[in-house]
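Presented sequentially are two complexes of subunit A, the first with subunit B as partner and the second with subunit C.
== the complex of A and B ==
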C-alpha cells in the first residue's frame, strides 16, 4: 500500500519521461504544426474590433485582461459556440445530467428512501460522474446473432436526433442554434425518427424482450403523435408563424396556456408518452419485459441512449414552455449593470469584473426565466413519475386515439372563434406588437 | 455560394440514387427498407435546396416518419430468410441496365429538344410563400380541397371496414 514497486529505477523513470517529451516534440513538428499552418493558410481569419484575429493577436489579447472581453464576446457569438456550448449540446447535456441526479434524489425522497449518498461526500453529488466513468469503463456486449451495424449505429442516431431537436429550441431572443422558419414542423419531423430508431434497435438486438418493447414503443409513439401535433396547432394559428422564436414573441402580453389549457394538458400527456416515462413507460416496463427495448444494452450504448432520452426530456419541456408558457418572458429582475457605473469608469479591472459589453441584462433575464419555467415542467414530469403506476397498453392506446385527439379540437375551435371575433391573433384587440 | 450548392446537389444525388439502388438490390429486406428511408431523406434535401423547407419537413414527417416505419414494420412481421429465392442471371441484369440507359438517353434527348430547355435558372425568383398557398387553397381551390378531404376520409373508412373482423370482435365481447 503506497510503497513503490521493488523493480523501480529512477533512471528508467527519467528516461521514460525524456522519451515521452521527445515523442511529443516530434509529433508537434512533424504533424501538428503543419496541420495548424495548413488550416491557417486556408481559413479566413475573423475580424475582432477592426483587427484581423491572428493567433499572435489572440494570445496577446488573452494575456491582457482589458482586451479579453471583446474576444470572449466574439467567441460567444460564433455559430460553433452556439452549436457546441450554450444553447446547443453542452448546455443541454449539463441540464440532462442535472435532471438525472435530481430525479434520483427526488424520487428517493418521495419514496422515503435516501438515494445516492456516498460519492462526493455531500448527498452523493458526484454519483453521476461515478456512473459515467463506470459506463465508459464497462464492456459493450453485442448479443450473438445481433445485427451489428444497426446495433452500433442506433444509439449514436438516438443521441444525434435528440441533439437535433435541442438545436431548434430558442433559449432567449436570438439565442438559438438553428433559427428556421418551419421550426415547429422540423421538431415534429425529427421526433418522427424515434419510432424508427427504437424499432430498428429492438429488432437488431435479436432477443424477444427488446422486440416486444420495440413494438410497444412503436404503437405508443404513433398513437400519441397525432394529438401531439394537433395540440401545438392553436399556438401556430395564434402567432401566425411556425418559427419557434416568433411563437414565443407572440406571447409577451399573455401566456398561451390561459387561452388553451386543454391543449397544454394534452401536449404534456403526449410528451410524457413520447418520452416513454411513467405512467407510459410500457416499452421499458422493467417488471414485465426486463428492460424493454433497452434489455441488451450495456456500457456506453446504454449511456448514450440514456443521454439521448434526457436531452429529449429537456427539449420537450422547453418546447412546452415556448408554446404555452410564454417562452422567455418574465419580470426584469437583473440590474442594468453588474457593477453600477462600471461602463463609465476608466478602471479596466472594474470593467472586467462588471463584464462591460458582455453582460446584457435583458438576455440574462430571458435565459433565467426560460430556465426557471423549463425546470418547473421537468419537475412536473419527475413528480408524475414518482406518484403514478404504469397503465395498461389497451388503456394507453384508447387514451391516445379516442380521448386526446378529441380533446385537442375543443381548444382549436375556441381559438378560432376568438380570432374570427377579432379578439386575439394578428391584428386582434389583444395582440402583441 | 453557387459551387457550394452544386457540391451539395451532387452529394444528395449520390445519396438518393445510391440508396435507391441499394433498396432494390439489397438481399436483406430490412436493409432495403432503411435504404428507402435514406433515399426519402435525400429527396427532402432536394426540397431544402429548392427553398421549400415546408415541403421538405413534410417529406420527412410523412415519408420517413410514417411510410418508412410502416414498411420496415411490415418487413419485420413477415420476415423469412427465403423471401427472395430467384436470383437474377447476369444476362438479364445487363439487359435491364442497357434498356434503362436507353430510356434515359431517349428522355434526355426529348427534354433537351423541348421547351423546358429554354427555361433559364433564375436565382432571384420569388420564394413561394406558404401563406399564399394556404389562402389559395381556402378560397379559389376550396372545392378541390373538399373533394380531396372526402376522398381521403372515404379511403380511411374503407380501410377500417376492411380491417375489421367481426368474428374476433364477437369473441372478445363474449369473454
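== the complex of A and C ==
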C-alpha cells in the first residue's frame, strides 16, 4: 500500500509552503501590523513589569528578544490565554482534529484500506482541512416546520457545552482553566446537559427519525449515568477531594487503576455510551433510523456537532487519566536545563529566543505524560469501532442497570475495606504526601 | 327521524372511533423506503408502538424492468446479457438455469468439459454474491470492519472470474449449449491458490464477527422462523436451511455434474437471525471444497460448447429447470411456439419467496431487530422485482 501520492514532488510541496509563508509575511507588514499599531493607541493597555505597555514598548520588546520574555510570560498567565489557547479550546480542538485523523487512518489499516491519501500529499494529513472547507461551503438546509431558533442554537450549545467540560480538565499542576473545588461534580453536571440538547435538537428537527434518535439518547443517559458517577466515587474517597487537581496529586505514589480496575473498566464502557461511539451508537444507528438525531443536520451544523463530540472524547479520556492513571505523574525524562552546563551569562541561541526563562522541566514533563496517557485512552476508545457491532436498546439498559452498577459497588466495597483497614486513604499506610 | 337506539349506536361508533384514533396516535408510521440506508431498492412501511413493530407492509417494485416480457422480443442468445441484470453479483447462476432450460427445450447436451467449467463459474459466483451479501449484513449491524473485509476479499474471486470470463461482474458466460470460452492458460493453479487463500480469510471472519459476543447477543433468538412456518411460507435457500430443513437443489435434483461431487448440505436448527447469517458462511466453505473437487475431476481437454445457430429454433413445447443460486431455488419455465423466440419466459426467484417471511418475522420484534431480520432473509430487491 503506497502512502505517498504518485505525482508527489517534494520541491513543489516545499515551494508552495514557502509561497504561503511569503504571502502571510507580506500581509502582516502591509495590513495587519499597521492595524494593530493604530488600534493600540486607543486601547487601555495593561502594566507589564511596572511599565505601561505602550505600542512603542511593545514593538521594542518584539525587536529585543531579552525584553520579549516578560510579555510572553504575562500573556501566558492571563485567563484569556488559558481559556482560548492552552489547556482550553484551541489545544483541545487541535487534539480533536488529531483524533479524527488518527481514527480514520487507524480504522483504515484495520479494515485493509488506505484511508485519506491525497489531501496534503503525505498520508492525507490535510483531509480534515479539506472536509472543514467543504462543510463550510455547503448549504445549511433547515427542514420545513422546524423550530428555527433551537435548530440553529443546538449545535452551538453542543460545542460550548463540550468546551465547558474541557475547561475543567487540568493538564498539569496549576494548568487548568477553571480550578473548581467541586470539579468532578461540575463535570457530571455539565455532561447531563447533552441528552437535553440532543432531545431539543431532535424535537426541533420536526422529523420522525431524529425524534426516535433523541429518545434513544435519553434512554442511554438514564442507563449509563449512574454507573458513570459511581465508578468515579472511590477516587474521591481515596483522595478526600472533589477537585480534579487534588485527585491527580493524590496518585503520586500509585495509580488508582491498581486498586480499582473494575471501576476503570466500567468508566471506560460508560464513557463509550456517553460519547455515542460504536457499540453504543444507538442514537445515530444508521441502518435503523437513518442517522438518528443527526438526520436533518447539514453543512456546518453537522461540522460543529462532530467537533463537539470529539472535544467530549478528549475530555472524557483526560478524565479517565486523571481519575485512574495518575494524571500527569510519570518519570522525569526532560532535563532541568535545556542545555546542561550553559550558564545564564553565556549568550546561547535559546536565550535569544527567550526560551530559557520559559522552560520549566516539571511542567513540560507533566504535560508530556498527560498527553501520552490521554492518547492511549483515546486509541482504546477508537479501536472498539473497528471490532464491534451495535447493540440493541434493551441489552443496553440491561447492561447499564444490572451489570455495571453491581460491578461498581463491588469495587467500591474493596476500596472501603482497604481504607478502613488503614492501608489506603488519608492517614493510611500508603498515603500520598 | 332517528330512534334512541340509533343514536346510542351512533355515539358508540363515535366513541369507538375516538378510541381507535387515540390508539392510532400512539403508533408512528415509518417509511423504511428506497432512500433509507437500511433498505436497498425497496420500501416497507412499518408502524411502531414504542420500540415494537406492530405492522409491516412490504412494497417492492421500485426496480421492475420487465425482464420476462423482454425475453419474448429477443432470441434465445440475445436474452443472456439482460437476464443477468437482476443479480449482477450472481450472474453465472441466474443464466445457468436459463441455459439449462433452453438446452432441455432444444434437446442437446453440453460437452462434459463445458459442464465442469459451468459448475466452477457457478460456485465462484456464489462466493462473490455471498461475500457481497455478508458485507451488507455487517454494515447493517454497525460492524464496519465486516463491511470492508468481505468487500475486499470478494476481489480475489472477481479476479479469477475476470480471467475465466473476461468480465469483472456481469459475465454473460453461460449460454445455451455450454460456456463462451475455454479456461485460460494456467487457470487451474491460479484458482487453487486463490481459493486456498480465500478459505484462510474466511476463518478470520469467525474471530471478528461470528464469535463476537455483542453480535451473538443481538442476533441469537431474534426473528425465529420455525421449521413448519418456513415450509408453509415457502422460503428457499439459506433461509430454509437455517430453519432446519436440509434442502439444496444441488443435492435434491442434481444438474450437470453435481451428482459426481461429494459435499454436505449445511443447515442449522436454531432458526434465528444468527443461523440465517451463519449458513451462507458455511455454504461458502462448502463451495471452496466443491471448487477443489471440480478442478480435480475436470477433463484435460475437449469441447466446452455445443455450437448452435444464432437464431436457433426450439420445438413447440415447454421446459422447466431449476438450480441452487446464492439465494435459493432459481427456476425458469420457458414456453416455446416453435419460433426462434420464446412465447413466454417465467423466472421464479428465491428472493421473492423469502420476502414473504418478512412481515411474518418483523411484526412483534423491536425496531433494533429490523436490520438483522430483514437482511438475514437473503433478499435481493432487484431480483425480486425482475
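Keep this in mind: the second predicted complex is superposed on the first by the 378 of 433 C-alpha atoms of A that agree within 3 Å, B and C clash if a C-alpha of one lies under 4 Å from a C-alpha of the other, contacts with A are read in each partner's own complex, and residues count from 1 in each chain.
Please note the rule applied: a contact is a pair of C-beta atoms (placed from the backbone, for glycine too) under 8 Å apart; a residue touches a chain by one contact, two chains touch by 3 or more.
Since the structure is predicted, the reported quantities are computational estimates derived from the model, not experimental observations.
Visitor: Comparing subunit C with subunit B, which touches more residues belonging to subunit A?
Guide: Result: the larger residue contact count on subunit A belongs to C.
Visitor: Given the touch rule stated above, what does A:134 touch, subunit B (first), subunit C (second), both, or neither?
Guide: Once the two structures are laid over each other on A, A:134 reaches no partner at all.
Visitor: A:403 in the overlay: touching subunit B, subunit C, both, or neither? Say first, second, both or neither.
Guide: neither
Visitor: Which holds for A:208: it touches subunit B only (first), subunit C only (second), both, or neither?
Guide: second
Visitor: Is A:148 in contact with subunit B, with subunit C, with both, or with neither (first, second, both, neither)?
Guide: Neither subunit B nor subunit C is touched by A:148.
Visitor: Contact-wise, after the overlay, does A:188 reach subunit B, subunit C, both or neither (first, second, both, neither)?
Guide: A:188 sits against subunit B, while subunit C stays out of touch.
Visitor: Who does A:393 touch here: subunit B (first), subunit C (second), both, or neither?
Guide: second
Visitor: So, A:287: does it touch subunit B (first), subunit C (second), both, or neither?
Guide: Only subunit C; A:287 stays clear of subunit B.
Visitor: Between subunit B (first) and subunit C (second), which, if any, makes contact with A:278: first, second, both or neither?
Guide: second
Visitor: What residues on subunit A touch subunit B, complex-wise?
Guide: 147, 150, 180-182, 185-186, 188-193, 195-196, 199-200, 203, 218, 222, 225, 242
Visitor: Using the touch definition up top, name the residues of subunit B that touch subunit A in the complex.
Guide: Against subunit A, subunit B makes touches at 30, 34, 37, 53-54, 57-58, 60-61, 64-66, 68-69, 72-73, 76.
Visitor: Of all residues in subunit A, which touch subunit C in the complex?
Guide: 107, 110-113, 208-209, 212, 278-279, 281-282, 285-290, 385-395
Visitor: For a test of understanding, state which residues of subunit C touch subunit A in their complex under the given definition.
Guide: For this pair, the touching residues of subunit C are 28, 30, 36-38, 51, 138-149, 152, 208-209, 212, 214-215, 217-218, 366-371.
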